[in-house]
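Presented sequentially are two complexes of chain A, the first with chain B as partner and the second with chain C.
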Partner chain A sequence: MRAGVFLCECGGNISGVLDLTALAGVARTYEGVVTVAVQQFLCGTEGRATIAAAVEERGLDHLVIGACSRRFQGPTFERLARELHLGENAVSFANLREGCSFVHRDDPEAAQAKAEKIVGAAVARAAFQADLPRQRTFLHRSALIVGGGIAGMSAAEELAEAGIEVHLVEREQSLGGFMARLAKTFPTEDCAMCSLAPRLTATATDARIHIHTLTEVTAISGPPGEFRVQLTTQPRYVTEQCVGCGQCAAVCPATAPSEFDLGMDERRAIWRPFTNAVPATFAIDMSLCRRCGACQKVCPADAIDFSQEEVTQEITVGAIIVATGHREFNAARKIPLGWGRFANVLTQGQLARLLSAAGPTAGQLRRPSDGAPAKKVLMLQCVGSRDCSATGNEHCSAICCLFATLHASLIKQGDPTAEVTIAYTDLRAPGKAHEEYYRLVQQRGVHYLRGRTGEVQQEADGSLTVRLEDSATGAKVENTYDLVVLSAGLEASAGTTQIARVASLQQDRAGFIKEFHPKLRPVDTQRAGIFVCGTAQGPKSIPDTIAQAKAAAARVLALLAAGFALTSAQVAFSDPAVCLGCGVCEAVCPQAAVHLTSPPDAHAVVDASVCRGCGICAAECPSGAIQVGGYSDAELLAEATV
Partner chain B sequence: MSRPARSIVAFCCRECAYAAADTAANARTPLPPTIRLVLVPCTGRVSPLHMLTALAEGADGVMVAGCLLGQCHYREGNFHAVDRVTFAQRLLAAVGVEPERIRMFTMSAGEPGKFVAAAHAMDRAIAALPPLWPAEQDGHVTPAACLAAVGTDEGSLQ
Partner chain C sequence: MAVTTPHLPRRDGGVLLFRSCLVSAEYPGIEAATKWLFDRLGIEYIIHPDQSCCTGLGYYSDVIPFPTTEAIAARNACLAVECDHPTVGYLCSTCYAVNKKAQHTLALPEERAKTNAVLARIGRTYDDRVDAAIRHLHVLEIMWGAHTSLPELVRRRLDGIRVATHPACHYCKVFPDDVTGEAENFMLPEDLLEPAGITATGYYNEKTTHCGAGFRQRFINPGISLAVTQQKLRRLSELGVDVLLHMCPNCHVQFDRFHDLIAARTGETYPFVHLHTQQLLALALGADPDTVCGVATHSQDLEPFLERIGARPRGRVALPVSAGTGVHATTASGERQEGQ
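Then we have the complex of A and B:
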């Protein structure tokens, strides 16, 4: 081996704790090391030039990178090694930043000793890193988009325009997502449906976009470029002959609170969430249906079909975008705030339905308890957000300050005599034109008060009494309101959690999908070929969601434009000369990627396009015949025993 | 402060534990310098061979850190790891070595605090034990010799 050790100062992040000159001196003594260099930023142009020159001049065959965690800049150096014709497994990583300098700032001496070990281990493992083969796989010019909200539709539109076949999967019966529920959007106060409806229509009519509603992704296998995806579709019990006239719903006797209206209205067992729904077809909720047949009798199109069953199909796509959105924080977890107990305590989502011209009250704001006009409204911010207690979430939900400001403004414009107070923790209005909008709404007479409350109490007439301390003045304020609106934060949706499981994606503490790198690869996930956008990735506004959706679409195009894909180098492979043919590997493989050939010469064969490189087979193999690229026994033992 | 006398090898899966460790580190959370991370794709990749060889070659403890049980990104790799850790612990007990020198921990990628707690727990547990190779003086007793003394060698562990 002729290895070069390259140590990164990381602009002081590493060199501020470790003495890299001394470390370089020690590294020079390690067997197989022919050159050592220290750079301020190894990932930058100069760092690359230093590495390239060293490879050229010293004839290096392995690079040992002493820098940040491999999870951050690993791909950068692996790509550089490929460009320098060093092959697929020529880089060994010494995690000097996350693995050392960041966590031992209080003990530089111990950190230095540990850094020597870390670099020693990386050099030791490099000696066993042999080049690995990669195979070309077929690249399907198609994409799966999971989630039919504004994020999913925006990405679909972009991809379809570029000529990519798109499968748009939505677990609910209509596309539209959370945005379809909104009355208007900040900071422009244009109606949500005005910008959503054209997209719904475009999506529904684009021949390249295949819409799968009432559908979930139940399995994903295969490599990027050739993902095999299992879709499970629940029966709608209404065929495509449905003309959307609604006569069936008018006669249906079974009712339930409407999920679309967030419980602010009722729906029937046969229903359609909103007028512009895509597809326009009604659907029957079988958990509610009494099978009375009334709908069947009145349907002019003969579209009711009780014989429909769940359908499972497999499709193959080149890339996947996760756009599964968010859900409102369950405000019932904040028991003292009364949501779910007091009729006049709502969430901002529910208020959006009441303020929507297409909503249950046609935009008239009335108290749910008695239908009286709501003249005095209090909004409580940060419900379940910026809250480190067991019942809340630590993160800021990013949109609630403006969401409340929008609704307060709409209430004031509907009834200038209405009194609206927003009780906030900190008023946060970053984002284009947001601060200006906040000031405008203040001028419209909305009262902002800095304070949080612990309890909402209900009076005999349904009014609500709240005690607040104005932390700006110290004054204690006790008032009675017609409505209390909770700005319930954003949480990862059930669909986000479900796809994270199926696609093996990482989630952060709040359950949002983790991006590969927050700045360098913000819409990539840890799994190659799968991208994320919108509120599935974290709380954000509609403009940010759409921008991110288009970024995800661009990443898909970059992948598909290559013309072909390669299997990962970090997959299992079996040596037929060593294999005993016992078949343990075949039994334990979670991907069914290993198969035993027929006797008498039975041995294991790994399908590199299916294997994901977990290594369960390699750890189980009694003969050591199966190894994993980059994680062979020799490499791991060399690293672990320094 | 002095150079840490103990050393603990932490096999961390790339899906959860290593990601949690990175997150903790980016918040500059102090960790015991005894712990050194080894990246593995899944804890299901770690075999008793790796755990025992690490101990035989000078580590005082081995931690295997992976995803929450039931949340393995490769279905059941961490269940395999639990089995193998248990197996390795039994082997240790059989040759008179404290089984708690090898331990399994689970966490999600979003739980950096759990990784930090695991690292400290492991460090404290190993600090409470006597050195693994007390007789190692003047080069007379080597780990390989110890293993040979109890009727095994590295080769047969495979």
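Then we have the complex of A and C:
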């Protein structure tokens, strides 16, 4: 072996704790090391040039990179090794940053000793690193998008425009997501449906976009480029002959609170959430339907079909985008705030329905308890957000300050005599034109008060008494309001949790999908070929959601444009000469990537395009026939026994 | 109303019943009722003769510095572990919070070293062994562990009696994450009484508002102190409750001693009584109101209520006039007022 050890200062992140000159001196003494170099930024142009020159001049066959974690910059150096024709397994990583300098800042002496061991182990392992084969796999030029809100539709449009077949899956009966419920959007106060309706129409009419509503993804298997996806579609009980006239709903006797209106209105058992719904077809909620047949009698298109059943189908797609959105925090968990107990305590989502011209009150703001005009409104911020108690969430929901500001502004414009107060924790208005909008709304007469309350109390007439401390002045304020609106934060939606389970995606503490790297790969997930965007990834505004959706679409295009993909080098492989044919590996593989050939010469074969390199088979293999590329017994033992 | 308090493991023994200054001085019936209930529920416990006051009253009135409080808490914890009764059951939420807070501060090496330097003089050490063994619980939590035994022990049904809970701040708000149930809607007292047939109130306006006592505030700011108490009394009157359940003797003092006084001053009526949860539970299980529940030390007239639940014969005049006719309150300035 002729190895070069390259140590990175990482702009002081590593060299601030470790003495790299001394470390280089020690590294020179390790067997097989022919050159050692220290660089300020090994991942930069100069670093790459240093490595390339050393390979050329000293005839190196292995690189030992003493820098950050393999997870962070591994692909950078692996690509460089490939470019320098060193093969697929020529780089050994010594994690001197996350594994040493970051965690041992307080004890540089011990850190130095540990760093010597880390580099020594990486050199020892390099001696056993042999080149690994990679295979080309075929890619389907199609994508699955899970979630038909503004994120999913934006990504779908982008991909369809680039010629990719898109399957757009939505668990509700119409596309539109949370945005379809909004009255207007900040900071421009333009009508939400005016932005959304063209997207809905474009999605519905694009021949490359296949819409699957009332549908969930129930299984995903196979490798990136060739995902096999199982879709389960609930029956609609109304055929595509439906003309959307609505005569059926007019005669339907069964009612329930409308999910679309967040309980602010009723719906029938046969219903369509909103006028511009896509598809425009009605659907029957069978848990509510009394099977009276009234709808069948009045339907002019003969579209009611009670015989429909659940349908399961399998499709194959090259890539997947998760755009499953969010849900409002369940404000009933904050019992003292009265939501669910008092009629006049609403969430911002519910208020959006009342302020919407297409909503149940045609945009008139009335108290749900008695229909009287709401003249005095209090908005409480950070409900379930920035709340470390057992009933709240730690994260900031990012949009509520502006969401409340928008609604306060709409109320003031609808009725200049209305009094609107926003009780906030910290007013957060980053984002383009948001601070300016906040100032404008203050000028419109909306009162901002810095304080949180412990309790909302209901009086006999349905009005609500709230005590607050104005923490900016120290004054104690007690007032009675017509409406109290809770800015309930954003949480991971049920669809997000479901797809995370089905696709084995990691979730963060709040349940949102975890991105591969928060800065460098913000729309990639831990699973190759699956991307994430919108509020499924975390709370964000509509412009940020659309930007991220288009970024996810770009990532899909980058994957699919090549027409083929290479399998990972870090996959399992079996030596048929050693394999006993016991089949343990086949039984334990979570990806079904291993199978046994037929007797008499039964032995394990690994499909490299499916294997994710988890190593369970290698650990279970009784004969040592299965090894994982880059993690062979020889490599690991050499590393561990330095 | 469905029972919502989460299940707790049953503790049959190893309980040190931590005595409370306020309970002993003001309402000894709370302690007596607790012991009576522990016996009925088969919970083995001891009272340690060497246990000292938690210092809470002095600490919260700024006359005892925290290092003293911390050292005394460490000593009491050592006592509990030494006698193999490491589960400390508190009658008073302030004792609970003070001792639990001390356990948190004693996890800091410098605090522990400072405290152990003092403890060394009495030959004791608060070490990891003590810290790992000690467990601070309100006595209601210990009883809740045995709540499945309650239905068969009920001797006096409380059907039609509407009860509400006054959640003690030092139990619910100092360590909200440790509360058995919801810190913002504490239901354990009502859930404990559910087998007796009570009507639970659940959440109500002002439920999380404190009692108004505020330790020295009762004496130095009596106007504000009693205004808070009054607010809560008003809200509970709107609901038509019969009993407000307490879990802290300081709250109990504030409400019981000042209930009739506030009513007399404002001309308002608040037609309900104050009892500790253990007292009402003991009554439901058939305990004697005087010898077990110590109702004679209450300022409010409890006789009509006791008659209503069958704990007194109907129409009986139970006690001497001074205790039976109600107002027997200490005013904000500390004056004793008799028979208004």
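Heads up, the rule we're going with is that the second predicted complex is superposed on the first by the 642 of 642 C-alpha atoms of A that agree within 3 Å, B and C clash if a C-alpha of one lies under 4 Å from a C-alpha of the other, contacts with A are read in each partner's own complex, and residues count from 1 in each chain.
We take it that a residue touches a chain if its C-beta (ideal position, glycine included) is under 8 Å from a C-beta of that chain, and two chains touch if they have at least 3 such contacts.
All of these numbers come straight from a predicted model, not from anything done at the bench.
Undergrad: Once the two structures are overlaid on chain A, check if chain B and chain C clash or fit side by side.
TA: Once chain A is superposed (C-alpha atoms), there is room for both chain B and chain C without a clash.
Undergrad: Between chain B (first) and chain C (second), which, if any, makes contact with A:G454: first, second, both or neither?
TA: In the superposition, A:G454 touches chain C alone.
Undergrad: Consider the C-alpha centres of chain B and chain C from the C-alpha centre of chain A, and write down the angle between them to the nearest 10 degrees.
TA: Once the structures are overlaid on A, chain A sees chain B and chain C at 70 degrees.
Undergrad: Tell me the contact category for A:Y631 with respect to chain B and chain C: first, second, both or neither.
TA: first
Undergrad: Of the two partners chain B and chain C, indicate the one touching more residues belonging to chain A.
TA: The partner with more contacted residues on chain A is B.
Undergrad: Just chain B (first), just chain C (second), both, or neither: which does A:E109 touch?
TA: In the superposition, A:E109 touches chain B alone.
Undergrad: Check whether A:K334 is in contact with chain B, with chain C, with both or with neither, and answer first, second, both or neither.
TA: Second partner only, chain C.
Undergrad: In the superposed arrangement, which partner chain does A:G529 touch: chain B (first), chain C (second), both, or neither?
TA: neither
Undergrad: By the touch definition at the top of the document, which applies to A:I616: first (chain B), second (chain C), both, or neither?
TA: first
Undergrad: Is A:Q570 touching the first partner chain B, the second partner chain C, both, or neither of them?
TA: A:Q570 contacts chain B only, not chain C.
Undergrad: Looking at the superposed set of three chains, what is the minimum CA distance between chain B and chain C in Å?
TA: Checking C-alpha atoms only, chain B sits 12 Å from chain C at its nearest point.
Undergrad: What residues of chain B sit close enough to touch chain A in their complex?
TA: By the definition above, chain B touches chain A via 1-4, 7, 9, 11, 14-16, 18-19, 21-22, 24-26, 28-31, 33, 36-42, 44-47, 49-50, 53-54, 57-59, 71, 73-77, 80, 84, 108-111, 158.
Undergrad: Given the complex with chain B, which residues does chain A contribute to the contact?
TA: Those residues of chain A that touch chain B are 69-72, 93, 95, 97-99, 102-107, 109-111, 113-114, 117-118, 121, 501, 504, 506-511, 514, 526, 570, 588, 590-591, 612-616, 618-620, 622, 624, 628, 631, 633, 636-637, 639-641.
Undergrad: So in the complex, which bits of chain C are touching chain A?
TA: Chain C reaches chain A through residues 176-177, 182-185, 203, 205-209, 235.
Undergrad: Considering the complex alone, what residue numbers of chain A touch chain C?
TA: Against chain C, chain A makes touches at 334-336, 341, 389-391, 454-455, 457-458, 465.
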